[in-house]
Amino acid sequence: MSDNTFGRLFRMTTFGESHGPAIGCVIDGCPPGLEISADEIHQELLRRATGKSRHTSQRKEKDEVQILSGVFEGRTTGTPIALVIENTDARSKDYTEIAEKIRPGHADYTYWKKYSHRDYRGGGRSSARETTMRVAAGAIARKYLREQFGVEIQGWLAQLGPIRTDGVINLDSVEDNPFFCPDPGVVSQLESHMDQLRKSGDSCGARITAVARNVPAGLGEPVYGKLDADLASAMMSINAAKAVEVGAGFACVDQLGTDHRDEITPDGFLSNHAGGILGGISSGQDVLVSVAFKPTSSLRIPCKSVDINGNAVEVVTKGRHDPCVGIRATPIVEAMLALVLMDHVLRQRAQNG
Amino acid sequence: MSDNTFGRLFRMTTFGESHGPAIGCVIDGCPPGLEISADEIHQELLRRATGKSRHTSQRKEKDEVQILSGVFEGRTTGTPIALVIENTDARSKDYTEIAEKIRPGHADYTYWKKYSHRDYRGGGRSSARETTMRVAAGAIARKYLREQFGVEIQGWLAQLGPIRTDGVINLDSVEDNPFFCPDPGVVSQLESHMDQLRKSGDSCGARITAVARNVPAGLGEPVYGKLDADLASAMMSINAAKAVEVGAGFACVDQLGTDHRDEITPDGFLSNHAGGILGGISSGQDVLVSVAFKPTSSLRIPCKSVDINGNAVEVVTKGRHDPCVGIRATPIVEAMLALVLMDHVLRQRAQNG
Amino acid sequence: MSDNTFGRLFRMTTFGESHGPAIGCVIDGCPPGLEISADEIHQELLRRATGKSRHTSQRKEKDEVQILSGVFEGRTTGTPIALVIENTDARSKDYTEIAEKIRPGHADYTYWKKYSHRDYRGGGRSSARETTMRVAAGAIARKYLREQFGVEIQGWLAQLGPIRTDGVINLDSVEDNPFFCPDPGVVSQLESHMDQLRKSGDSCGARITAVARNVPAGLGEPVYGKLDADLASAMMSINAAKAVEVGAGFACVDQLGTDHRDEITPDGFLSNHAGGILGGISSGQDVLVSVAFKPTSSLRIPCKSVDINGNAVEVVTKGRHDPCVGIRATPIVEAMLALVLMDHVLRQRAQNG
Amino acid sequence: MSDNTFGRLFRMTTFGESHGPAIGCVIDGCPPGLEISADEIHQELLRRATGKSRHTSQRKEKDEVQILSGVFEGRTTGTPIALVIENTDARSKDYTEIAEKIRPGHADYTYWKKYSHRDYRGGGRSSARETTMRVAAGAIARKYLREQFGVEIQGWLAQLGPIRTDGVINLDSVEDNPFFCPDPGVVSQLESHMDQLRKSGDSCGARITAVARNVPAGLGEPVYGKLDADLASAMMSINAAKAVEVGAGFACVDQLGTDHRDEITPDGFLSNHAGGILGGISSGQDVLVSVAFKPTSSLRIPCKSVDINGNAVEVVTKGRHDPCVGIRATPIVEAMLALVLMDHVLRQRAQNG
């Protein structure tokens, strides 16, 4: 059962390979009457674009999104919204050498085992290029959430390799640097760390945190459609993600019950270790989620591998890659948070009116 | 949209409240011809039972499972398997005092906000008692996976409060102690930690790790039905879970790409930081997942809260509770791992034959 | 992919075999706060019960329904509602002779081909006994629809064998005879037709029509979740159904466009050939659906068949059967109509608020 | 909950409005390795194209389909297949007059009630143009079914207005006339009937029948995913469909049980009143389905209606329309039959291996 659809009631189906003619998505279930334009979506896409700084891939995609359906006279109609972006800067010849080689740490091996026949160019369907459509669909979800409920979503870089970047969280400064770093004080440290990595040909991991404010209480279906379970799935579905936390996350293992439980007064909660979710349902507190991204496996430092015939080969990845995929991951994490909340707003409305 | 069903093709729908007449589940999609008995399921249930040691809740449920359908002459027929367990040791009077009080850290507040009308006795639907049915359904999935593919699933306690318990991993000893601790050397330390906690009236968190061996390569749907995304959702849907890792998990943030990528030789992978999953698809290596459980919020140490009318109250939780829910979580984590793999075995079969 | 669940947001999952210990269902997605009792459900079940007259099967099931979950202090909580009915009058020995014989016109042959291993007693899972749970779940849907929107649902026998019974439609008289016949004038004709059939050992088909009044306009999702498409699926899923019509149905083939299109004035529609549905969406007019049921294949008149080894055999069906399944089908058609409308009420609420 | 996706495991999601920039679909779940080209799909599209004769709409769409993803080096990869067709001959100005008028018999009224904001040009999303993508996706399903199982699907016109056209069924002649009429002897009668209708400005209904041969036994999920229930839903989801029959269909009402039940011998079934489906599961006999299409409501003969403000208006539909939508419906019925069978082939494979 192939599964390129995300969401139950606000459903995004994405398609497209990195080096195919286009990528796109169909969004089904968007309420009618929302004002939306290709330009608004494009603004969000610019935030995750490659080539914004020397620290990310130099592939330059225009990412000009076309709305093929579902919007009439500037407003959604309730019918499926199809978005398409042409791939204009795909350099497939970079990949011919690698057609039969398995790149360790990539999906090459597993796609090969699963499908036998695959589009190997630029990772094909497993390319991070797919996340473009998450950000595009997320832009629509985000706008609806903001207009209807005042929900505000913001993500940031919390750690890059060994550098913690969330000692100071100044959300106003997040957009001022190419890292989405909330602490202006560590930006130069990040710059030099990345310069060094690039020189060495290696890569590093990152952690991204995101918060949603003004989330209505009552979102999330207890048991198997828990808001946190859906967030975990959403975040883990992002390329290179290896771990997800909600609220205190792994730190809760070391906490005492008296520390962790968030006491309540008539004026509200006294803390938020829960990350805004209790029993799988939003409490009205800030929803807080954190995601770990592994270091890119596409390196020019050679490594041992096999080809599709099982012979030993040496793999050196050329092409244009991000030495830290986490740098551009913030808008994707935000988008997935928006998509989950949007879906649950509709789900809540269905059952509880 | 209520969501009490887990899985796409091997689907478990659970029902029941902690203090209602019974809990149960319906499993739809189990292949025909599998030998299964109520007794085999019961054996798995005993592993998560309360009252096995002084360190867990003293509620004593017989957990006698009845198979109402889907099994004929000892073998599954391919029709829905309904399992029911009567609740026999529910002491609802323990809860009358708490009917209108919101217990911090519990789902009381959010259920109240979501549904208005709720069964407050023993947590009602949000009780960990629901996980009984996960273990029951998991027993069926597990048997099928073992018989058809030789898949072996084993979990263990990796950390309890501040005590790391996976320094030494001796899986043979996991079942020999009430903690599912793989290191016999730390069991007495766990005993005294728990005794102390019980005395103080406080609780602590835990981390559980589980592995699945002999998982066929090719399971998992790239993009939104990734094996790791489904595992993240499965694990985060367990009561009290706050974080999930696959493979290296959060540790990957500090790794270099040259460390993390698992090199391959004609004889196989040289390491397993990926946790057996690349691009959302199983590679044939061990699938490794880790889950954080928060400390129980049901404490006899008083805390601040409100009642359903918004008035300040003091809450003291009586009843019979686990001072560390993680102690009994190992069979549940294993069950969820089995259910996810089982579902993906069927999904893989559908599309790829 | 097994599929024992009906509905998207108001979801009923049924389980159980005709001669197993019990049949039941789980209803997920019922809004909280609805008053409902086992007795109310039981009243609906009595309408489809066997043994009410000499014209139906003489199997006597008490059909005492037990609510295992989801209802607290007389009202739904929004959590899954589990209903169970024990099978008390199953005479499995009637079937031992037929264990290896394929009964023509039944699901024996196809279950055998599909599953190999099957519960052959009384049709097992393919027994019409499964429809009991449709009526039970339908009772809940019906109550909600009536209370929230004033929707009224009523079905009737439109034809039995060669006898048209809807020349005169007096809905008040439908419950006054064992046939759900709306025309009191033809009841005695039905009686003698059935007596004759029973004597000859043969069976006949029937057509049931049902109407839903006060259906809000706007229900139904255009394209693939059309209200009429979902009705068609719902009706065709009933045992023995072979055809479904909405509004004018097959008669539209002979109509001119000027006849069929229902003209509109400021006071409303001038006719209702559409059956209350345009473009898959309810218009606010009466929703009208009609279903054909084939004659029962369980006959004591011998017929040619094979056994599971492919040998020629003669089949004579003993046991207690309905010589016209259509006689008891009216409450089932009504229930399916209620379930579809209920599901669409929630679906409409999700997207359109 | 919007619902523009058809199928469970072989899933087609369509998008696009009649007068928007393009229509398209995403097919998820197609097995990898199938050879397919845009040209093969185009050949199927030509069968349903407008403007092939004077008896259908004169809108001339090139229907040049573009494959945007999921096919690499001529074969499917198992990733989503996106198809797009630009709308090139949309004459939106034909519709400006009708923007605020409700056309009786169309979806105008119900879309208005449901969404408030709608693309009224050419029916927007409710246009039969959406069925283009069904035929396109159906072409892929059909090819897979033929190659893997030898399944052959063929539809024909069974009745047009008052003219029965299936007295003689010569399937070889179906493609030789613009009506898909299997009886060459009545073609001229159809020609003159249509000419007369066109002169009068009126329209008529039609009935289409389709058969699938060599369908493997065992397809279909009993209870709610019955093969016939899914066929009923598929057919009723086609624009203008009002009724669906399987096998004997409504004729079974008049049959005796001894007539209807299809006796079996070691050499096979002696008749096929069941239409190849017993208990919701295919028996290996021919699957036979029949669909009624209502007469087009777009007529130049004026009729009474209201505008969106509720005022009485007279409606005259200009634009280019089919006086009998059934004429072009055969390829659509075939496509839906192919899509249902394809989905069930995958579903069967999932559970039963």
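Each chain gets a letter, A, B, C and D, in the order it is written, and its residues are counted from 1.
Operating definition for what follows: contacts are C-beta pairs under 8 Å (C-beta built on N, C-alpha and C of every residue); 3 or more make two chains touch, one makes a residue touch a chain.
Predicted model only: the values in this text are computed from it and were never measured.
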Result of counting contacting C-beta pairs for C-D and A-D, higher pair: C-D
Centroid comparison with chain D (C-alpha atoms), farthest chain: B
Inter-centroid spacing, chain D versus chain C (mean Cα positions, whole Å): 27
Length of the line joining the C-alpha centres of chain A and chain D, rounded to whole Å: 39
For chain D, residues that touch 2 or more chains besides their own: 1-5, 8-9, 14, 29, 32, 78-79, 114-115, 125, 222, 346-347, 350-352
Residues of chain C touching chain B in the complex: 1-5, 8-9, 11, 13-17, 20-24, 26, 28-30, 32-33, 66, 68-70, 72-73, 75-82, 84, 114-119, 124-125, 346, 350
Contact footprint of chain B on chain A as seen in their complex: 1-6, 8-9, 14, 102, 104-107, 109-111, 113-115, 125-126, 130, 159, 161-162, 202-207, 217-218, 220-226, 228-237, 239, 241-250, 252-266, 270, 273-275, 277-284, 292-297, 299, 301, 303-306, 310-312, 323, 346-348, 350-352
Chain D contact footprint on chain B (complex, rising order): 1, 9, 29, 31-32, 78-79, 222, 346-347, 349-353
